[in-house]
Amino acid sequence: MEGIGYKILGAVLTTILAFVVGMFYGGFSRKIIARIQNRVGPPVWQNFLDVLKLLFKKTSVRYGLMHHFAPLWMITMSITTLMFVPVLNDGLFFSNLNFSGDIIFLLYIMVFGSLGMALGAGSTGNPNSAIGVSRGLTQMVGFEIPWVMALVALMIQYKTTSVTGLMEVQSQSGTWLMFSSPFAFIAALLAMPGMFRYSPFDIVGAPAELASGPISEFGGKYLSTMMTSGSIFAFVKLTLYVDLFMGGASNLIVLVLKTFTLYMYPVLWGAVSARFRTEQSVRYFWGWPTFFGFIALIYAAF
Amino acid sequence: MSENKLNKEQLLLDLLKKKFILNESAVRRAKRVEVKVDPKEIIPVLLYAKENSRYISFAHMSCVDWIEDGEFEVVYILWNPEDKINLFVKTRISRDNGVLPNIDFIWRQANTYEREIREMFGIQFEGLVGRQEFILEDWEHMPPMRRDFDTAEFVKKTYFKRPGREDAKDVREFVQERTDEELPDFAKKYSRD
Amino acid sequence: MVITDPVYFIALPLLTAFLLPLFGKIYKPLIGIIPGLVFAFLAYISFDLYLNLVPGKPIIIQMAGWAPPWGINLVFSEFSGLIVTLITFLAFLVWVYSYNFKKVGFDNSKKYFTLLMLMVAGSIGVVLTGDIFNMFVFLEITAIYSYGLTAFYKGRDSAEAAFKYLLLGSLSSVFILLAILLLYKQVGTLNMADIAVKAQSIDPKMKSIIAILFFVGLGIEAEMFPMNGWVPDAYSQAPGPVAASFAGMLAKSGIYALIRVFYTVLEVKGVFDLLLIMGLLTIIFAEFSAMRQKHLRRMLAYSSIGQMGLIMVAFSFNTKAGIFAGLFLMFNHAIIKTLLFLSSGFLTYSTKQKKIRDLDGFGKIMPFTSLMFGLGAFAIVGLPPFSGFWGKLNMLVATADSNLYFVIALILLVAVVEIVYYFKVIGRLYFRQQHKDVEVHNPTWNAILAMSILAIVIIGVGIYPDLITDYLTKATNELFDKAGYIHSVLPNLSLN
Amino acid sequence: MNSLVLLILIIAGGALLSYFGHKINKILGNITVFAVALIIPIYWFTQVDFTETVSFTVSGFHMELGYNMYGKLFSMIVMILSPLALIYAIGYMKDQKKLATFYFSFLFSILGMTGILMSRDFVSLFIFWEIMTWSSYLLVIFLGKDVQKTGIKYMVFSAIGAYAMLMAIVIIYKNTGSMMLSDYFGSFAGFTLQTKLLTGILLLLGFAVKSAVMPLHVWAPGAYSNTPMAYTSVFSGALSKMGIYGLGFVVVNLFAQANLEIVGYVLAWMGAITAVLATFSAVFQHDAKKLLAYSSIAQLGYIVTGIGIGTELSIMAGLYLAVLHAAFKGVLFMVVGAVERQAGTTDMNVVSGLARKMPFTFFTALIAIIALAGIPPLGGFVGKWMLYESLINNSNFLMVIMIFLSSTAAFLYCFKFLFGLFLGQQEPEFDHVKEASPVMIIPMLLLSVFLLVTGAYPGIVFKYVAEGMTNLGFHDVNWQMSVLTNAWGDSVNVQHVYLSVVVVFVAFLIFITWRGYKHSTKISTKDISSSGEMIKPEDNMTYAMDFYKPFQRVLQPILKWKINKYYEDFGKGLEALFDFMRRIYTGNGQTYAVYVIIFLAILLIFSKSIFGY
Amino acid sequence: MYNDKESQKIVDIIQNYARKHSLFILAYGTGCGAIEIPPTMTSRYDAERFGIRGSATPRQADVLLITGYLATKSLKRVIKVYEQMQDPKYVIGFGSCTINGGMYWDSYNTINVLDKYLPVDVYINGCMPRPEAVIAGFVKLQKLIQQGKADGWDIYKKNIDEYKANQKKIITNWVMPDFNF
């Protein structure tokens, strides 16, 4: 009993941690972007207020079961991914279910949510959301390739397909994977903005052009669930990057520091860049990042 | 200098006089020639102006409501970029269900003007392409630009008025009190007495 | 009871053929019945003789009392017996098919049956005879009466086809006669066995000339590549049953003559490679041109040439497996091609210009005939549950034994082409909407009977091929040992 | 009476019975088909004894029928999928004509498939292969739609495949003297390299045509989409698996043992390329049938890659995916059939918004698509995972990227399929659509339940796969009920995944619907936020045309060269050659006579070389 | 979670606090005032520091800005958009045109008093108020929300038929779905 109860408590705590940290990251990024645009910017806890307000919305609109399930797929994906990514190296408390989360499994679970949400967006019947989804999936094909190349390179180089395995390699050898397999890191880094759908690749939810794309028909509670899952997913991706390339974090503060610095990269790049069209973004992803991916693979193979 | 200035306009006027039966024609001033023609003469004049004397740009088309004569006066304004002369071609048709020929085959943009005149004045154009509704949606009353349409009465009937401030004075009266300038006499007529 | 004597095979048809007009005078429908009786009797005799043939002891009959080296003798051995039974069986079926041949009025059927009987007699004669000149005579008989049968319909095309056949047929008879004369001059005798004994003594130069003449002469009869121009016209212009008999009997006798000459009579070294090359060329040209045919009957004619080419290739291996495969293919070709021609007879009879395009949707209007045609097509192409498959399989095994891998590839490639044009027709028959004004001639009961017998044979052999394999092996052994043949024909000649 | 022969007689008898049943009247026909559809699997699962063999010699060839474990695995696919497809066909073909021939050839193709899996020697293998081919040909041209193009293309390709196999068989017979498969495997090492390669490659060619590997796949889209949908589920689900069955024992038994892994490796590469190109062409189809046809070619590409690699894990992945592919492709084609029957068309530019009117069909389609895309909770993921792990374990990384590219692009056409048919605007002209008849729904539900179960317990399929692999030379295949392990010891416990997904989903479901669901009002898809503009019911707001236009612009250079173009040119070349050949037969007698004379002259001139003197 | 008077009050406080500090404006400018919104949102006046953010569709929005004169044609669209918004929603009337018709007071197809057709919570005077005035308006609205007085949506729901009567008086061809919340 002690193990299971402990694990569940750990799981719930990690989710709350992820939610809070994710939200604050969102707040910080909005603040920083505002500062870049030379304006005051909202308070850092603004995201909490937005989610809270949306939760308290009185009426809600329903297009059918799939529409109702869409945010559920999203939140399930992000929490399940969280379950399988080791948050702290040996942290007793936040070990959660993270058996040796297999990388290929993580790759696929990340797609699970967006596909579910795509179906929900599709069922609303709004042409904007359908266009948004088709662009989102096309972009996904784009950025998945360099991301997978980086991961495969890591797997082949260190002969393990699990995140914990890679973390052990880093802890034994002492050097972060960032340095021991640099090309994989560069490829993964270049693929990161696509994953976050920040500014250069935010055509999917373009507010003006597509009336916020897939989520155009989701209001009230649905939107709040999506925002929470968005923030948790951001946190999860960041911890995954940290685990893979920066040797994981022994305690919370180190984790927050590392993830935040990593987080700044897509946010800052997003703040200053215009929006790519879909085929431009796919061509970009299949350009330099894939080139680095190939080098990483070759580097890993020999 | 003013003398030779007019000869181009005069030249044009004589040319038109020779070719068509003009009810009235005058060179109003430099760069402006006015011609009045019967409705059925409209298309030949316009075609002639466009092809021969290079009045290629169709500047404007408007309609004047001469309620006293019971007629609408439709004015076509053409512009010759080389000689820089405005040619005004005017016609008169009766106010109630008058019909004019459609000229969007000469200039495509005339279609918009014609649709607006049809909606606002009620003049019909043969073979006019385009939806009946142009600016006003679901409008059942009389075409609003006609002078016999009493706008103030209509507004009072359909829309609400925010109560209070009935004593609102014309802002000019207000300015007059403050700065004791003399109110111009033409404005006096409109002040709410 | 009636002494079963091979002589009847030749004597009886010749006799009744010329008496037919008399019978016709006595009682008009007799003309239809008599040939049937004759064929039935012949078929009975051949079956009876063939079944109780003792291997190694063929039946030899001296004609008119002269001993073999001088007199003409008939040899009814396993090999020739098999062909004869095949021919008589098919002749009987053709008779059953064309018993009350509607298009043939009273006088035509007289002419039709006489010509048919004579042709059958001639082809049996070719197969049975042991004398080379006698074989030439019988070849002439079959050729002449087939010209008559080709020109049966009064139309311009059939006349032109007959003329073409006549032209080439006469060329072939000239060459064969020349070859026999030279041979006689060298060897001094006409009896095949005797020639076989004395063949070594001919000087090689002369021998090769005789071989070439025989090759070309018999090649024309056996529809070899450059010489088979007459086949498509003859087959397509002749009436349905006649085309079937051509495929069934005429071609068989032509091939038999070619094999008999080059296997037993003349022992010439290089002829088999030539036969192989010619066989392959025949297949390629025939099948490829069959692909582009618009008329159903011409397509079938070309495909039958292709099959003959396949048989030639089989025999060209000069091995036991090759001969076995060749015989199996000959049997298949005879049965299936006859079924195809018989069924296409009625199909084209209902279309205006015999074009494949007019056959759309015939699956519904003439279900039985198109089913038979489909069955024949499936069989000829070699799909498993039918006899064609086993023939092709043995053929390929034989080619593999003499490890000619490129030949296997070629045969299979050609089989693909064959599949394409046969399945195009099936596709049209069954899965297209039929055209409007099509007057339907449903087959008469006797035609149905004939076709279903053939179909049963095909399916029977297809499911259980061992029915005929042991007869084929016996015939192969007999053909293969030349000495046995000579000894049986000239028992008293001590091999010097 | 030997149980195997009895099985064949039952199926053949069933075919004839249903043929005559339908000739008499429709209801009797349907009853017989239903009865046959039930008897065959019941008999197979209960009576058939997998150890006994029956042998008979036909015209000198020794033929033997008998089950081995590898055949049992594949015949399980056939025995589960075809009866369901038959029951589905009763509903699907209700108002079609010529049902007699349909059921006859359907059951005969099942006979062909079971025969192939039972035959232990090449002749019976070839016989059943041909039966399967021509019975499926009859079904490809059944609907009569452009019979010429697709029917002939299918027949030519399968004929080429079959005859390549026949040539290999004949050469093997010459070398080993016997037709038995076991002899061939045994003595394969003894052959010279040249015959080894020749026979192996020819056999591979025959099997590759059936499993639609890239250069030989041209017949598949046309054949899959023109056949009646009831049969396509078996056509692409089970029939293509015969090709995989053959590839399996050839690549693994022969080439692996005779250390010729290079052939397997090349095959794996062809499978990968097939997967990528077929997925790319599937993404841009606007007809649901064509989309599914290309997608099943892509899935077959995965399986071929799995088998080609040849390690224990990859073959297990390949065979597992083969079983899964039969299930979810069967369901998907049945779904498209149901939509075609109810809504009249499967063109995704026309149909939209059927989810509310056909809820069951949509549910099964959703499950099948999730399985097809390989998304975690369901079984597809297990197969994909094993495939990737095996590829990574023996580090041919380029192939991993190709496979991953094609499976990511697969999400595109998965979404397009569901969105095109079921989601999107509810158009008034499809208001009349009702749910498909229960006869069609039950098979779909059964198969989707199978997919759900394999999600948590893939072991039920692994059991048979492991047994099957013993015949391929992998004796102790380690598998657990629901934990996947790879060569490097990493493992994924599928049950954990299933558990956490379900728990989290239910938790948030309660959170969102608690108190909220009652307030919310159901909205029609016409009341969307269209910046205030009034949408009248007849306005068509569906977005379906040029669905992935940006992706098309990116792939323009790749999609330009189409493989069909080469085949068309080749066909035209052949046509020209045939025309030239035909010109030889000019048709007038004189030329023929001249031919004879020339031939004679040639012979006489060259008699020296021909006859040697 | 017994919801007696006491706990209800606490929930209200939290609700209002959250609603006050995160207002989503619907990007739907009607009249000439729409050009005032970008300056208020961007760097010089930065409405985002109050938690005010734009949102693309009525489903996600809280605040509907009527920025200028409303022709009957666009009133029809505005009503449909208003009804699509989710419940605690507020309307801010920009400029004198919404107050008493502004300079279009005697035009035959613009409405004069927005209040009659939609429940307006805050009016911002000025013939297009400058961004400072707009922000003052927003702050006023936030104060109202804080005190729970910004219940325009409730009033709309309570006397829906009166609003509908006014609306139907000038919108003759009524093709919208009836009020569905």
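A, B, C, D and E label the chains in the order they appear, each numbered from 1.
One rule holds for everything that comes next: a contact is a pair of C-beta atoms (placed from the backbone, for glycine too) under 8 Å apart; a residue touches a chain by one contact, two chains touch by 3 or more.
None of these values were measured; they are calculated from a predicted model.
Undergrad: What chains do subunit A and subunit D have as common neighbours?
TA: Chains that touch both subunit A and subunit D, as defined above, are E.
Undergrad: Which chain is most remote from subunit D in terms of Cα centres?
TA: Using the mean of the C-alpha atoms as each chain's centre, the farthest one from subunit D is B.
Undergrad: Per the definition at the top, count C-beta pairs in contact and tell me whether C-D or A-E has more.
TA: Answer to which pair has more contacts is C-D.
Undergrad: How many angstrom lie between the centres of subunit B and subunit E, each centre taken as the mean Cα position?
TA: About 40 Å, centre to centre.
Undergrad: With chain centres defined as C-alpha means, what is the inter-centre distance between subunit B and subunit D in Å?
TA: 74
Undergrad: Could you state the distance in Å from the CA-based centre of subunit B to that of subunit C?
TA: Centre separation, subunit B to subunit C: 101 Å.
Undergrad: Measuring from the mean C-alpha position of subunit A to the mean C-alpha position of subunit C, what distance in angstrom results?
TA: Taking the mean C-alpha position of each chain, the two centres sit 80 Å apart.
Undergrad: Please output the residue numbers of subunit C that touch at least 2 other chains, ranges allowed.
TA: none
Undergrad: Give the residues of subunit A that touch two or more other chains, as numbers and ranges in rising order.
TA: 58-61, 211, 216-217, 220
Undergrad: Residues of subunit D that touch two or more other chains: which are they?
TA: 521, 523, 529, 531, in rising order.
Undergrad: Spell out all pairs of chains that touch, sorted by label.
TA: By the stated definition, chains touch in these pairs: A-D, A-E, B-E, C-D, D-E.
Undergrad: For a test of understanding, state which residues of subunit A touch subunit D in their complex under the given definition.
TA: Against subunit D, the touching part of subunit A is residues 58-64, 66, 68-69, 71-73, 75-76, 79-80, 83, 97, 99-100, 102, 104-105, 107-109, 111-112, 115, 118-119, 122-127, 130-131, 133-135, 137-138, 140-141, 144-145, 148-149, 152-153, 155-156, 159-162, 165, 211, 216-217, 220-222, 225, 277-279, 282-283, 286, 293, 297, 300-301.
Undergrad: Along subunit A, where are the residues that touch subunit E in the complex?
TA: Result: residues 30, 34, 37-43, 46, 49-50, 52-53, 55-61, 207-208, 210-212, 215-220, 223 of subunit A touch subunit E.
Undergrad: For subunit E, which residues are in contact with subunit D within the complex?
TA: Residue list for subunit E touching subunit D: 28, 57-59, 76-78, 80-81, 84, 175-177, 180-181.
Undergrad: Where on subunit E is subunit A touching in the complex?
TA: Answer in residue numbers: 14-15, 17-19, 21-22, 24, 27, 42-44, 46, 48-51, 53-57, 59-60, 62, 86-88, 181.
Undergrad: Can you tell me which positions in subunit E touch subunit B when the two form their complex?
TA: Going by the criterion above, the answer is residues 72-73, 76, 99-101, 105-109, 111-113, 115-116, 166, 169-173.
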